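Right, I'll just put the structure down here and ask away after.
By letter and in written order, the chains are A, B and C; residue numbering begins at 1 in each of them.
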Amino acid sequence: MSIKLTKLQKHYGTNVVVNNVSTEIKDGELFVLLGASGSGKSTILRIIAGLTFPDSGSVEVSGKDITFLRPQDRGIGFVFQNYSLFQHLNVYKNVEFGLRIKKISKKECRIRSEELLDIVGLTGFGNRYPKQLSGGQQQRVAVARALASQPAVLLLDEPFGALDVKIRARMRTRLKEIQHRLNVTMILVTHDQEEAFELADRIGIVDRGHLLEVGTPETLYHRPRHAFVATFVGGGNVLIGKTINGQIQLGKHSFSFPTNTPYHEEGVPVRILFRPETVLVSDHPLKPSENLYILGKGNITDILFSGSQTKLMVETGELIGVRPLAPRPTFDQAHTKIEIIKQGIIKKEGLKIGQEVWLGIKEFHVLDPGGIKLLIIIDNLQLGEILLDFARRIVQKALTPATIFGIVNNPKKINQFHEQLTSVTEKYFPGKLHDKVHLTIGKNYDDVLIEAKTGNYDLVLAKMSEHPRKPSKDFESMISQIIDDARLPTIIVQTPTNKLETVLICTTAGEPGKSDVRFTGRLARRLKTSIKVLYIARYGLTSAEKKRINTHLQNSLTLIENLGVKCTIDIKEGNAVEAIRSTIASDKCDLIVVGAPIQDRPFSLKHHDFIGSIFNNINNPILIVPMVE
Amino acid sequence: MRTFSPSILLQRSLIFFYLGILIVLPIIAITAKSMEGGFQELWSHLVTPHALAALKLTFGTAIIMVIINVIMGIITAFVLVRYEFPFKKIINSLIDLPFAIPTVVTGIMLVALYGPQSVLGAILHDNGIEIIYDKPGIIFALLFVTFPFVVRSIQPVLMEMDQDIEDAAKILGASNIATFFKITLPILWPSILTGAALSFSRAIGEFGSIVVVAGNIPMKTQVAAVYIYGELESNNPQGALGLSVLLLMFSFLILIFLNYLKKLSGKEHIV
Amino acid sequence: MFSQPNKSKPALKPYGKYLLITLVICWFSLLILAPVLGMVRELFSAGLKRFFTEVSTPEALFSFLLTLKVTLIVIVINTVMGILLAITLVKHQFKGKLLLEGLIDLPFAVSPVVAGFMISIMFGPNSWIGSWLENFDIKVVYSIPGITIATLFVTLPFVAREVMPVLKQFGIESEETAYILGANQWQTFWMITLPSIKWGVLYGFTLTMARAIGEFGAVLVVSGNIINKTQTATLYIHQEFTDFNFAGAYAASLLLALISFIILIVMQSFYKSNEIKL
């Protein structure tokens, strides 16, 4: 029996748990939903089982719509993580339960349960009670029980999670055998990547409610499309190069795009993935050849022996302009670090820490192009034009997709608003730019929040619709939630802007931020702007503090310059607003960036002293970056 | 293990003294007194027609009450734990009301509601249904005072229960009702029995509310506790002894039963 | 999101659920709400003025005062003893511990009249203790000491029963830590043990209070029901009722019910705090 999921959606308030999930599971297949805890995978399973119902979307089994059928009527089997055996019944009675409900004769039930106990390897255990069984045995009873009524599909919710590692391995093998023997379609949910790889015919990767990618283990490992999947599934190196002259530019080397790569526009970043075992390490310089892509030379920083493998970390300074996505670099890391795995035993005189080596990649894979996806919130057309003008600059320079989200409270005015918004959009995004822009209408700020969470956005643009000193409560709460809850960087535009060439990152007392520098660096790279990093300190710093600040500023400088962005740094003492004002004047800064640290209370424009004072005194557009570290 | 310090000895002696004088000795005293005249004498007082009628009435009404209470208690607990509905919080808090209200006041309230002078009482009287001064009144009073026992015994168990088991049964094909009877109820058994035992023990000893609602009509509305009181008032302690000792024995038996249930479910808290 | 068609409404109607909820609400109204409201109606039909007159007769006032006095003594003694009992039973090991635990529960199971009877036998003028006390001119039966003892008996279990589980869960380790850090027994008790059992004590305390105020059967037997001398509030109500002075009975009942209701609310809030701890 095949199962088809179509646009499944499930919300709890503004929390989107299952987000537009669609896929088809083939008859007789063992399909694994793989994702971190809380990613929504269990909810998807429960929707298929009928233990909960989706807000929208449908579930079909062999063409029949079962979305709202009771679990009793679906003809599926379910194995819970905690087995959920009936403690007051013995093994026979547990397994026979579903059959007895159907009023099948005791004799027939017994025959069937004996069969099943044999299949799961528990012959002779029929008269025992659950508390007399080990975890693995209980789980086998649960499987037998679920299979007793010959269901079309067997659903398993992290079935081996509560078991010891060794038992888990044995159970996996057994499950695969059972599946082949009975040819039952199975959907298994797990967060264990190894388990998924071992069992699955195909895997679906789930992240925050989204079904990101579906493919065989081999496809997902060697040719994923999303960066998330690439790094979630196995170790790997993901480097970000540039598309120059139709080729991939990585440092001073350029390679041609492999066939079947997604289209990349000129100048746009390219993300390439190569697994640690595909890197060639040599103690002498390498010559480029058809099957070898040269990276350059570097030094070994770590060596880790682990049985049949040796893992190396090599740091290279030759990949200028390349930003590593994985392994995730630390803030002060100046150079790219590459993860390498060598099979087999290393010769004794082989490799040493600090040794100079040359690296080449045997094969790599290009991920889907990333981008900075914009969400533009418009609730007032006149003031909205200022926002659209600003947004245009970004879209034009960075060639990124954008969604304009209009809010209109009064349902009667929708059409009118839609028309006006459409014409205004055409005005600001003429010609080719128009393809990048998408229009949606919503009722209120809650709709915006849901869109922000579900739409995979990277940056939000909004305009204060009232006097900046007194933003409206709803607007403020929406911004707070976008920053706190959805954790999206937000630019709030106040007055019209002329240009977008220099960005000012402000940090003040306290722990110097990192997220703001990273994000702004990325943004600046796309927008081709330069950056100034300003640290505003109070009077009377100790020399230790000065040293710490300087180090941070140097690290920021390095990081930004590595991205190919021009950067200057400065420290000023005294009043924050004054310092910022004077810097804006002297360096002609256009966009101001501040970081929003995680606080005990929810973020609020009014209450946050530093950000609040900036809003009150400075008219430039302000970018608030939520700190993720 | 700490050595016996003087304060510990003091604590222990205080406790032994307190419990001794307040509980142990009175029990011994009444047992001793009942044996004074010998077993025959005790027995003769027990088998008088009035005493027997009182016993029959007491146990009869108690059993009827327990059956009703268990059924309604299970349903009430289930509804309170599993469903949401208006006034739920208020109802949940008021379940404990019978615990707080004095028993006499309960009796008075029932008389005010069903007595011959009230509207409701008059209607019922015209239809030949007597509540006050008759058996239904007794059962009402018992239901009121023991209402919380079953509900509060079941509630925590139901709340703690892992609902995955019910889900498993449903997926295997059991209807909601079948799931309840085959899966949920077996888990609730010890707490149901505990609640039942508690209400039963309270019922056979109940006095205040019954003496008001049902009066003291021998052979008709005289329960054991009221009979004992009557004998004491008429200065006939001998008559009272037999029934008292019998009730006391029952109390012990029920306590032992409750203890056994506690061990079965491993729970510490009954009330 | 915005005006999405509501095509996906579940096809099941929870009939069973509505039926059960209605049943419970009806049962609750019939059993609990109706009597309470019935009495409130009685009050208003007689008028508030009447209520105050009835409640302020000298006999009524005396009875309420007596109830108050006895309650005060009982809650103090039984709270202290209850804590002591709980600590001893949870912390210490000794022979007969199980028996002791069972004994604490006994007052729950005994009929109040039987309790009163036992106490009058035990402390009556013919008994060993009774005649000994006569020497000091202390009468137990038919006087206030008797009432106090009877009330102590019936309210004995509450504080102990509520404190024991809390103690079992929280007590031992923190106390051992305190000992190691140098605190003596008394300090440990005040600074570590008592705060951890606070809610259990308070909840048991209110249960004790409610029971003490409402005790009837045992007190009736022991006290002799002498008006203006040994008549508590509950006894007064019963007296008025048997004298067919219904207004008096209702008024006093209402007052007592009100007090109990307030205690109930307080009890609930303590229970919730206790529950959170457990």
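Note that contacts are C-beta pairs under 8 Å (C-beta built on N, C-alpha and C of every residue); 3 or more make two chains touch, one makes a residue touch a chain.
None of these values were measured; they are calculated from a predicted model.
Peer 1: Which chain maximises the distance between its CA centroid and that of chain B?
Peer 2: Using the mean of the C-alpha atoms as each chain's centre, the farthest one from chain B is A.
Peer 1: Looking across all chain pairs, point out the one with the most C-beta pairs in contact.
Peer 2: B-C
Peer 1: Using CA atoms only, can you tell me which chain is the most central one in this structure?
Peer 2: A
Peer 1: Would you mind pulling out the distance in Å between where the CA atoms of chain B average out and where those of chain C do?
Peer 2: Each chain reduced to its C-alpha mean, chain B and chain C end up 15 Å apart.
Peer 1: In angstrom, rounded to a whole number, how far apart do the mean CA points of chain A and chain C lie?
Peer 2: Here the centre of chain C sits 58 Å away from the centre of chain A.
Peer 1: Among the residues of chain A, which are close enough to touch at least two other chains?
Peer 2: In chain A, the residues touching two or more other chains are 70.
Peer 1: Using the touch definition from the top, list the residues of chain B that touch chain A in their complex.
Peer 2: 162, 164-165, 167-175, 178, 183, 186-187
Peer 1: With touch defined as at the start, can you tell me which chain B residues reach chain C in the complex?
Peer 2: Interface residues on chain B, with respect to chain C: 5, 7-8, 11-12, 14-15, 18-19, 22-27, 29-30, 33, 72, 75-76, 78-80, 83, 85, 87, 91, 93-113, 117-118, 120, 140, 143-144, 147, 176-177, 198, 201, 204-208, 211-212, 224-226, 228-229, 232, 237, 240, 244, 247-248, 251-252, 254-256, 258-259, 268-271.
Peer 1: Okay, in this complex, where on chain C does chain B touch?
Peer 2: Interface residues on the chain C side: 16-17, 20-21, 23-25, 27-28, 31-36, 38-39, 41-42, 81, 84-85, 87-88, 92, 94, 100, 102-115, 117-119, 121-122, 127, 149, 152-153, 156, 161, 164-165, 168, 185, 207, 210, 213-217, 220-221, 233-234, 237-238, 241, 246, 249-250, 253, 256-257, 260-261, 263-265, 267-268.
Peer 1: Residue numbers of chain A touching chain B in their complex, please.
Peer 2: Touch residues, chain A against chain B: 49-51, 70-72, 74, 76-78, 80, 82, 84, 86-88, 97-98, 101-102, 145-146, 148-149.
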